[in-house]
Structure formats: structure tokens, C-alpha cells
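What follows are several structures.
Same chain, two partners: chain A is paired with chain B first, then with chain C.
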Partner chain A sequence: MSAVTSQDTGRAGAAAARPRTRAGLSSTALIYLVLVAVVAVSAVLTGIEGRNFFSQGNIWGVLTAMSVLGLIAIGQTLVILAGSLDLSVPYVVSLATLVAAGGMKGLDGNVPAAVFNTLLLTAAIGLVMGLLVALLDVHGFIASLGIGLVISGYLATNYQGSHGAAAPDFRLLSRTGIASMIPASFMVMLLCAVLVTLLLRYTRLGHHLYAVGGNRAVARMSGVRTATPVIAAHVLCSLLAGLAALLLVSRTGVGLPTIGSQGRYDLLSIAAVVLGGTLLAGGKGSVVGTIGGVAIFAVLDNVMGVMQVNPFLKDFVRGLAIVLAVAVYARRSVVRRPPRFGPGTAAAPAGTAQEAR
Partner chain B sequence: MNDALPTAGGPASEPGTVVLRGTGLTKRFFGNTVLEGVDLELRAGQVHGLVGENGAGKSTLMKMLAGVHTPDGGTIDLDGQEVSFGHPVQAQQAGVSTVFQEFNLLLERTIAENIWLGREPRRFGRAGPVDTAKMRRDTEELFAGLGVHELRPGTLVRNLSVAEQQIVEIAKAVSFDARVIQMDEPTAALADHEVELLYSIIERLTARGVAILYVSHRLKEIFDLCRTITILKDGQHVTTRPASELTEAELVRLMVGRPLTTFFPDKPADAEVGEVRLELRDVGNGYVDGVSLQVRAGEIVGLAGLQGSGRTELLETVFGVRPLARGSVVVDGQELKVRSPREGVRARLAFITEDRKAKGLALNQSIIDNALGVVRAVFPGRTGSARREMPGVLSNLEVSAQSLSQEVQFLSGGNQQKVVLARWLSIDPLVLLMDEPTRGIDVGAKHRVYELMRELTRQGVAVLMVSSELPEVIGMSDRIVVMRDGRIAGELPAGSSEETVLALATGAVADEDVA
Partner chain C sequence: MSTTTAPSPTTRGLPATEGTPAQRIIRAAITPGGAVFVLLAALFVAVVLSNPSFGEPPQLIRFIGRTAPIAIAAMGQYYVIVSGEFDLSMGAVVATQVVIAGNYIGQDEGRVLPAIGLMLLVGAAVGVVNGLATTLLKVPSFIVTLGTMLALGGLVDYLTGGAATGNPVDTFRELGRGGIEGVPVVDVLPFSVIILVVVAVGGVLLMRSPFGRTLIATGDNPDAAGLAGTSVWWIKTRAFVLSSLSATVAGILLVGYAGVHPSVGQGYEFQAITAVVLGGVILGGGRGWLLSAAAGAFALELLFAFLNFREVESTWRDTVQGLIIIIAVAVAGRAWTVGRSPKQPPDPPPTTTPTTSAATPNPARPGTDTGEH
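The block that comes next holds the complex of A and B.
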């Protein structure tokens, strides 16, 4: 019997010694590889059109396009990681542009108060949504849809066309940048991305956000207050949408009641988050991936703009990108265990043990 | 084995002193008394076994001590102080940790993040950032204290085997400086060689003076580990006795209240083995290789092997869950082109899966819908007759339920498994593939499953059964096929000893021959 036992431990040791690499590339590395490929193809296509993808103006354009969607997608990442969803962002953005531009009335002296009020209002909207989701157990999909409709109804009855005016100094924000290539708005977005990444990695709130999104029952049993991360995610998401609205106001100079819904920030932000490798069900993902997803969208949009592609084809390409990405992720998560024998059919079929969880 | 045991903050109780005492513990749910006046004493450095059929109240008792349920009567004393826990975390902080049967782990997070969840260490006081380096160090220290050297704190739990996840759960329980650890069926998902590792961890814990409450359906483990055994039946405390004063047969008698003289039903005298029902010819894919075997009508072939030896994968390949890359599967002389489970069912193969909650049943659907699931999907024309026969089939299997429309999630494990069996009996299978058919079910239900297997073989069904419980494989099989590393390691006749099977499964035979 002792011979058998020693054999056992030998086996266990050998089994543990096998390398546990994460099945090749991580999702984040993959998304940035795809981004590089997309940039390369876009540069060639832009070149064929007789223009330079890497010109100052074009880079500025891509990065500007990234900053607004980027901010919203960072917030959406938080909400999705926590196992919720925010469909109200376009309406929050629209409302926030009206509050900001309406508050500034074109005067520099009004800027601090207008900015403060805008952020306070958006945070309050997020708080309401967070409370609905965390305490009343309304799913984020429904809670945010409801809040979004409420805001959109308010906007439609009270505002026709543009409203208010951004202060001149505030408008400068959209024109400042580094070397006429990196706009200040992009720096703001990047700073937020770094802060949120630090929050997720190095605070209890961040750890608990993953825990609640991954499995609420497990988090609860471990003594985590499950409401806090969900509420915090919703507040931060709406707040970031407010910040995005401020960037839009500095660019357009006015508040517009339909700017958010025209930008389709709800579905595009969710798409960017998913493209970035975050699990729609929550509990797994990163802001770094999301920024990669946003960049891919921005580059695709840019090159299709340069080529003057018909807008319906634009949507077609975006849609294709999302579906392909998710299909690839699903595939990767199934083919996890390396097959033991020869080439054979290495592909693991659907419905195997891994999926059961 | 001579590494210094970390003593910092460790349990201080003298071995043998009573750490936890439950007196007259009572619990009612909706007026039903599920536990009445149960007494329990856990002593430092000792393993206390808790046995009883499913529904006897073991889980309820554990959950009360764990702070999941509050008792409706009776008291819990910890070190002589009366305590009451309102939340599992309170119990853990007081030093009572529980390893539940269902793992409480986040698959997408690392080992360290799981262990310290909810109490992540922070730098620079309360407002500071999470100290990930300390989390890693503490996890390594924890594992070293348990004699576990293979796990890295940064590994995602998703990438761990079931046994390794079990170790993480235990490490998490220990990390609260637990003086009492409750383990609910800790070996339910482990293969025999992994059980050895669990034993060594338990040994280290008791050496440190931890009191352990151990719940298991595997009686061998109870006798291997426990000094004292408490038996529950129908929510009542039957007796508590030193293990040395009990025999396995007596324990079973006390648990079920009736003597089970022969635990495995005998092979019927008139049994005869017929023609070949299932034949595998050189079957191979990414998981198994060069597997050839035959199962004849009226025969039970046991498939033994360690966890990960390819047993489950072989059954899944036969049934069409996994692709067949090489070789062929022949049922009743007809080569089977299985590409999906649907075609497996059409060839009248039945597959009782290992994990009934995830793959065997739709938990929030009714008994009748579950039982008719396969017929409806594959032989819709027969649904009507199957529906008429089903009540008879279920009562023949002794399913105890309030009605056919009860959701299966509210049934005990044994009754759930019987519903799974009924579901497959409805297609009149030629070949029954069973993967761990008695996992996590009580003694009475186990016995009924064994009887059913005998009944079916008498009717000419061929049974291929995977089991990690060696007594089951040996007691039920006509032949035992042992797998190792995806290949067939050898075949043994009925009634081989556990040692022989294990030696073949681990590859120890060759070594012994050399020596």
C-alpha cells in the first residue's frame, strides 16, 4: 500500500508541475494585437485614398473620437463588472450637456458652478439607479432603461433644439492638446482610465466589485456588503457620462437634447466593453481591454470616414466586429484544457464541463 | 513533514478539551421540525464524524453552527461561552469555519483573492490600498502550513481541478484561525488518491488542535478519520459513540434503522450474459486513446481510474458529447456515427451524467417535465405513453415527492438522481452509461440504484459504469476495466481487491513487478 501512496504523491507533484499558462494570449493582449492590425490596415487604406493616417490632424481626430466614448465605456465597464448594465447613458449625457451649457450661459465666471452642478446631478442619477439595482433587486437593464426613458421624456417636453452656451474659456479645452496631436480631452479620458484601473486593482471596493459581479452569493457568504460595489459602479458610471458630456459641450459649444441618443452611447459603450474582453455577465474584465475596444471602433470609424463609406456599411462593419470578437472569446473559453493525445480533433465541443459553471 | 507549523494566532486549546458544545439544538422550517434536541461536542485535535441519510438533518446542523441558520431552540457554547451567530462571517471570526459541499469560490479570481475576499489586507491603515504582496505571502504561508506546495496564489481558480479547489476552500477556512472546521462531504468530488491528500491536511489540522466535524457518505472515511461518531436519523440524535465501538454494518443499521446485510445486491442466480451490446474499437480523440472494449447484454462493466484518467471523457465520447477522431463505436452490431448526444439517444444509449445539477436536470422545472425531457426531445411520438407510464416508473423507483409538479430543486440528492434515472428509462435503453451514479446520495437511495442496475441487466441492458468509489465498482461490476492517462491500463475480474484496482490505476503495478 505504501508503494501506491508514494506513487500517488509523485503523480500529484507531476500534475502540479505542468505549466499553467493562461491558454496562450490573454484577452487583453489579443485585443491590442487586433488593434495594431486594424491600424495597419487603416493606414494602408487611408494611403490608397491619398492621405496620411498618421498625420497630426487625423491622429487628433481619432483620439478625440475616443475620448467621449472612452469615458462612457469606462463607466460601463464598472457597471458590467458588477453584474449590472447601464442603458441610460445617452440620456444622461444629453441632460448633462443641457445643464452644463445652460448653467454657463456663455460666461467664464459660471464655469465652476456649472461643472459642479452637472457632475452632482449625474452622480445623483447614478445613485438612484444604484439603489434601485442593489436594494430593490431591479435588474440594471430595467432600472437604467426606466431612468433613461424618464430623462428622455423630460428632455423631449422641455427642450427643442440647442440650449445654453459654453463659456469661451471652456471651449478652449477642446482645442488644447500636446503637439497638436494629443487632445486634452483624450488625456482626461486616459487619466480616468488609470484611476479606475487602480481602483479595481488596489482597493477593496474594486476587489468586491469583481466578487459581486462574479457570484453575488459567494461574495455575501464571504462577508462582502454586496450593495456597496453595485451602487458605487452606477454612481461612477453616470459621473463619467457627465464628464463625457462636458467634453461634448466644450466641443459643440451648446447643450443638445439629442446628442446622446444620436451618439448611441448605450449600445456602443456596451459593445466596446464586450469587445475589450469583459464578460457581459460580470466578474471578469478590465478597463485596459475596454480602451482597446474603444480604439478599434474609433479607428474603424475614422478610416470609413476617410473612404466616405456609406453609413449603413459602417454599422455593418461595427456589428461584424462585435459578433466576431464575442465568438472568439466564447471559443477561447471553451478550449481550455489541452488535449492529451495527438492532433485528432482538438476542438472541445459545446456542452462540456467548463460550460457547466 | 518536519516543517515548522505556524503557531501565530493558532488555536490554543489543549487537545481533548471541548471546544464547541451544542445542546438541545432544534430547527424548524415552516412548522416542520427538521432537527430536534440534538447534542454535539467537538474536542480539540479530534475528528468527529456526523452521519445519517440525506434529510437526516446533518446539513441543517452544520448550517446552524456556521451561522447560516439561527437555532429555534438549544444553545451553542464556544469555549464555555454561549454564542449566537447571525451571519457566517460572525461564526468565522469566532473561529468556526465551514467548507460547504458547494464551493464558495469565484472562478475568475485568483486563489489569493478568493481566500482573503471581504478582508483584504491594506497598507497604511484603513484608507490605504489593498496589499496584494501580503495577500500572496499569507497565502503561501497558509499552504505551507497545510503541506501543500503545488498551488500558486496567483492562479485563477477556474484553472484548478476540483481537488485543488477543495484545498483552496479548506485553506480559506483555516485562514480565519479556525478552531473548529466543519467539512460537508469533502471527498464527494475527489478520486481516491486525492483523498489521501485531504487526509494529510486533516492530520495537520488536528495536530494543531483544530476540532473537525466531518460529514461523509463514505463510511470508510468516517472510520479512517473519526474518533467519535454522531448518528442522526430524521432530525433526531440516534447516538454518539467512539468509532472503535462501531462496525460499518452497525453504523449503516443505525443510520437507516434497518439492517442492510448485503449492501450490494447479489447477482441474480439466473443471470446470463448475452450478445455484445456495445463495442468500442480503438476509440481515440484528444482525451482518450486506443480504447477497445465490449459490454454484453446483461453485463455491468465498471470503469475505474483516477480523476482525470479519461473515464468521463470516454463515456462522453461514446454518447456523442465529444467528437470521435479515431476508431468506431458499435451498438448491437451497427456502427454508430455519433456526432451529437441526439444520435446517441436515437441509438438508445442512456447517459447518467456525473453532475446532475448542471447537466442532468433542469432544476427549476417539475419532476414530470424533467422525467419526460429526453422522450419529448428525441421520440416525441412516444411522449403520451411515456407520460402515462411515468407515475408507475417513479413510484417503482421510490421517489418521494409531494407531487409530480414539484420542482426538482426541492428534492433530496437521492430523489433527484431517481428522476434522472426515470428520464432515461423512458427510452428503453440498450446501453446505460453511468458516471458516478451514486455521488452525493444517501444510503437508501444508493441501494435502490444498485437494485435497479441489477433489474436492468436482467432485462438485457448493458451497463458501463464509472465510479470513484472502489467498493461500488468492485461490488457491482462483472468485470472492471481500469483506465490510466486516457488509455486502458488493464482489465480485472469481478471481486478484485481495492489494492489491485488502485495499483493498476496509479501505475504502481509495474513498479512492484520491477522491485
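The block that comes next holds the complex of A and C.
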């Protein structure tokens, strides 16, 4: 993405330097500046409470909180880049925890099979969604909402309360880490982020993903098979949600039919993606930015936890933070959008406003 | 846009309608917006077959009264969706209004009218915030309304502690619960049905006014509408205000049905969106009819009633709802092409529509983007 951004900036700088006041600052850099500011404020607030934000335990907590939402948000980034949306993630996560924990039955020997089954199932769900979006022309919002509701009905009918048990070895995963500061789950998330970034930057699939998300009709006329990237994005998104579910199972030890919807992973992951500077309409954005967005959420949550903010008030703060952050960001992205066909086309913001939806 | 939509009776250039009424009805019925009425009729027959007493007027009118809140919310959501945006804050607005009603009115009858005024004011304020943040700050409406949803919902839960508080006086609850007694055929005519009819008629008139025409034009192509002289931000903001006001009205009715609890409005936004989509309105804006959105809400509730009478476990409701919206949208995406081109020569439509359907959700946009720059 940053490659795309810098290129954009270069062209924009040549064509319309005037509207941009804070020139040279890429969108991703801005996110991380905000993150640094949030961390600084949080450190001060935590200090006032008489605790250390940078203590081993606290860092561990923040990074653990990042890993699940991070994995889901990486998948969501792919889907949103392709111009779709995935609202089914919370239900996919819940279902995956049930399948994983139910398959393990508390025995170490069952772990490989259970993990394989979980990932296969989630990939299949993603495939169905991708086919609906790409081939049947169902809006991603509806396809994923529909699939999510279908799964939710299945869960509500067949599962009450927790189900299955994670294998002891598998549970260790949530406790291992580097220097009791960086949990293994965070490393998993980071690895996925790197892999997806490489996918987006250096493979044909990744480039086609941006092309299809930017403008499907143009991509098709340019000879891109528009269905493949969309389907791949949905499969990867569901797969990553399944991976996040495995992390959750290793942490909770059981499968829970409501763990996904309680975490509000659908809306929060979308918010994190948009916070990370990805255009909700698709075609522009990066995984690096998304991780920044997730980190902002995790730090906010952590400091509110330390300050013992009422959990209901947390939602209020979260909602406010989303709108404010995106308001700051969205204005920029509109201004920074380069004109498409050379200089002298000042009408670009209008087009972007419509796309930014 | 507005110049073509003000048909003054003296200088009419084009005929207002084409074909005989029967032709027009058939033509309308094959669009998704019309098909939902066919679906509604089919479902109604199915429900009556499995439970004959449902068809009796008193039962039926009570069902309509029960469905009124979601139908009103769906019509509110319609304004926003047809203008090309989303409103996810609806459920939180409903919860807010319900809690305001519970806590402000209490047992004081004199406060009923001021409370309704206050609630409408709060609703309008939320709509203005949503609208301005979407149009002027250029934040995607999905994110703005998600933010208001989290913020309002969190605030309401915080203030009430997440539990039911307050109990408004019965005269207020009568609005949602009661009705005019002794009406000939239907026995009791619920107030909620009257409110639904008023809202629907007002909405239809509104959509036929210059505002309505401009709203659809804006949803179809905001750039073109802007260039044609529409102030896009004001049109869209008004759509958000209408949506929040509809949620407010739904909240007022729900106080009577469901009582005061911060969870009353939960999931209302997605249910309203489902109803709108089921009514054949295209996400992304510019296509669809107001009454189809209301019909979508009724179809959904009828479907649930049908499942109920068939003794399907209520936990499967979600699954059915999910399948329905996927099928509805998959069909609708194709079918609007048929509905949109009735004037084409008779040979092309049947053959060309399936192939061009890939571009139907927003046929105007790719063209305008490249043309404008």
C-alpha cells in the first residue's frame, strides 16, 4: 500500500499541490502518529492510576487483545479492498470455536484433525460467500449478513452454552510467548499480516484485488478475471476468522456459541479497517494501516480497563473515537486523492465522496 | 432534476403514464419492488391456509398493528438507502427514545406531549449529526452510524445500568398498545395502524414531491445530481433526519408493546435493512419504492408468523431471514433491468438483460466517473 500511496502522493503533488497542507505524510504514517499519541496519553492516564503502561503484563495484555481482532481485521481488509464487506465474521468465529473445541474433546491427539476441520469449514463458508458476491452479484453486505444469520440460526438452535474442550497442549499456546511480553498469538497475527502484505504487494492476485476493488468494470475491461480476487478475499477472510477462533479456543478452553457476537467482531473489524485508512468502497488501503487501527482500539480498551471505566461507557468512548478518527482521516483521503486524468480536473473530490461511502 | 419532476398540468410534454392500468400493474409486478407485493400475497395465503383464524379482520388488524413499528422503521431506512447510504444507528435511537419515554414521563400525564416533542427533537438531532458527519466530514455513513450506534447505545446502557428503568404512564403506552374501540369490521382499530397509514401516506407524498425525486436522483448518481444543482449534503442530511424520526416513531409505538428496556431496539437496524432489501430497494441507492420497503417488513413478519404456525423453532428465524435476503437480492439485482427498460424495443430486453446484469447495481457510475474527469 505504501508503495501505492507514495506514488499517489507524487502524482498529486505535481498536479494539485495547493489543497494539501500537511504534504508528504502518508496515510499509514498518520495512523501510526495517532497511535503514538494514544499510547502516550494512555501511559499518562495509566500512570495517574498508579500503574505502569509499559509493564510486562500490560504489554502482554494489549498484544493479546490485538491478536484476535487483528486477524479478523486483516481478513476484513482483504474483503473491503476487493470492494465487498464481511458481516458474518462473528458467527464464523463462534461456529469455528465450537467445531475446534468439539473436535479436540480435550485430547492432544485430536488437535491436528480439529484444526484442519475448522479451517476447512471456515474456508468453505468463505467460498460460498465469495461465489454469492462474485457470481450471483449479491452485494457483499447482504451476502455476508445473510450467511451470518444462517449460521446464527444454526448456532442458536443446536448449541446452548459452552461445548467441547481444548486439548491441554493447545491451551499452552495462549501462555507461550517471548520474554513474557510478546504472546505467541500476537506472533501468529503478525505473521499473517506479513504474508497478506506480501500477497497484496507482490502477487498478481494482490494487484488484481486492488484493481477489482477500485473499479470492477474497468478491471474487467482490462482483462482481469474479476471473480477470482473477490472469491479469494472472502475465503481468506473466513479462514483468518477461523484462525482467530482457534486462538480464542486456546485462551478460553471451550467453544462458545456467542463468543463472536459478544466481541462484535464484524463492526469493530470494519471500524479498524477504516480507521487504518482503507477506503470502505475498496481499492485503496493497506494491512499495515489496519494493524495500526487495531492497535488504537486495543490501547483504548486497555486504558479504559485500567481506569475501570464502566463497560457501557466504553462503547460510548469507542463510538466517539471511531467517528472522530475517521472524520480526521476521511477528509484527508478526499483531499489526497490524485486526479485520474492529468492536471486541471478539480472535480475529483466529488467522485471520491461518492466512492467513500 | 427538479425541473422534470414538477409536472405542471398545463404544460405537460410527456404523458404521465404509459399503457393501460392493467399493463402498468403487470409491468410493476415484475420489478423487485412490485414482486414483494406478490410475495406478500402468497405468504398471506400460506399463513391463512395453515391457520384460518389469522385471516379474520380483528386478528389481521392486530397483526398489522404489531408490525407497524418495524414497517415504519423500514420506511425510514428506505430514505437513507435510496439516497445511497446506510443507517445503522436505528436500533440505538429506538432504545434511546424508549428510555427517554420511560424516565422523563414517569407517572405524570402532563408530560406526555412534551415528551413526544423531546423525543422527536432528539431523533432529529441524531439524524442531523449522522447526516452532517456523512456529507460534510465525508465519513462513510456506515462508519458514522456505527459510531452513533455504539455511542448512543453505550450511553443508554450506562445511564440505565443495562436494566429496565422507569415506567411511562398508561396514556402514553396506549399509543402503541391501544386503539379505537367499537369499529365495525375490525373490532379494535389500533392507533399504531393509524400512525402507520399516516406515515405511509406522508412518505408517498414526500417521495412524489421534488424532495423525493431529488433524493432518488442523488442516490442514483450524486455527482450528476450535484451538477444539476442539487445540494447533495442537504438532501442526504434530510434523509438521515427522516430515518431517525421514523426510528423515534417506532420507539414510541414499541414502548406500548415491549415496555421500557434498553435492549428494545436491538437488531432493529439490520431488520429494517433486511425489510428494505426484501422490498427490492437496491443498496447503493437510486432504485426502489417506499411502499415496497414497508411491504418487505410485512412479508418478513408474515414469514415469521408462518414459521410460527408451522411450529418451526423460533431459533431458526435468523437462518430463514438470512436465506431470504440472499435470494431476494440475487433475484432483484437481475430483475430491475427488466423493470427499468419497459420502453425498449420488444426484442432486446429478454436476451440482453441477463448478460448486462453484471453492471446493473450502478450502471451510471462507471460512465460518469470517466466522463466527468
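By definition in this document, the second predicted complex is superposed on the first by the 308 of 357 C-alpha atoms of A that agree within 3 Å, B and C clash if a C-alpha of one lies under 4 Å from a C-alpha of the other, contacts with A are read in each partner's own complex, and residues count from 1 in each chain.
Here, a residue touches a chain if its C-beta (ideal position, glycine included) is under 8 Å from a C-beta of that chain, and two chains touch if they have at least 3 such contacts.
All of these numbers come straight from a predicted model, not from anything done at the bench.
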Practice item. Once the structures are superposed on A, label A:Ile147 by its partner contacts, choosing first (chain B), second (chain C), both or neither. Key: second
Check your understanding: Given the touch rule stated above, what does A:Gly161 touch, chain B (first), chain C (second), both, or neither?
Key -> neither
Review point. First (chain B), second (chain C), both or neither: which does A:Gly50 touch?
Key: neither
Practice item. State whether A:Lys314 touches chain B only (first), chain C only (second), both chains, or neither. Key: second
Exercise for review: Applying the touch criterion given at the start, work out whether A:Asn215 contacts chain B, chain C, both or neither, answering first, second, both or neither.
Suggested key: both
Study note, to complete from the structure: Dual-contact residues of chain A, meaning touching chain B and chain C, are 215, 217-218, 339-341, 345, 347-348, 351, 353, 356-357
Review point. Can you list the chain A residues touching chain C in their complex?
Key: 132, 136-139, 141-143, 145-154, 156-157, 215, 217-218, 220, 267, 270-271, 274, 280-281, 310, 312-320, 322-323, 326-327, 330-331, 334, 339-341, 345, 347-348, 350-351, 353-354, 356-357
Check your understanding: Which part of chain A faces chain B closely enough to touch in the complex?
Key -> 1, 3-5, 7-9, 11-13, 15-17, 20, 22, 198, 201-204, 206-208, 210-211, 214-215, 217-219, 221-224, 279, 283-284, 336, 339-342, 344-349, 351-353, 356-357
Practice item. Give every residue of chain B touching chain A within the complex, in rising order. Key: 87-89, 92, 104-109, 113, 117-120, 122, 129-130, 132, 149-152, 155-156, 158-159, 193-194, 196-197, 284-289, 306, 308, 310, 312, 316, 321-323, 325-326, 341, 355, 358-359, 485-486, 499, 502-503, 506-508, 511-512, 515
Check your understanding: Can you name the residues of chain C that touch chain A in the complex?
Key -> 84-85, 88, 133, 137-144, 146-155, 157-158, 161-162, 221-223, 226, 270, 273-274, 277, 283-284, 313, 315-326, 329-330, 333-334, 357-361, 365-366, 369, 372-373
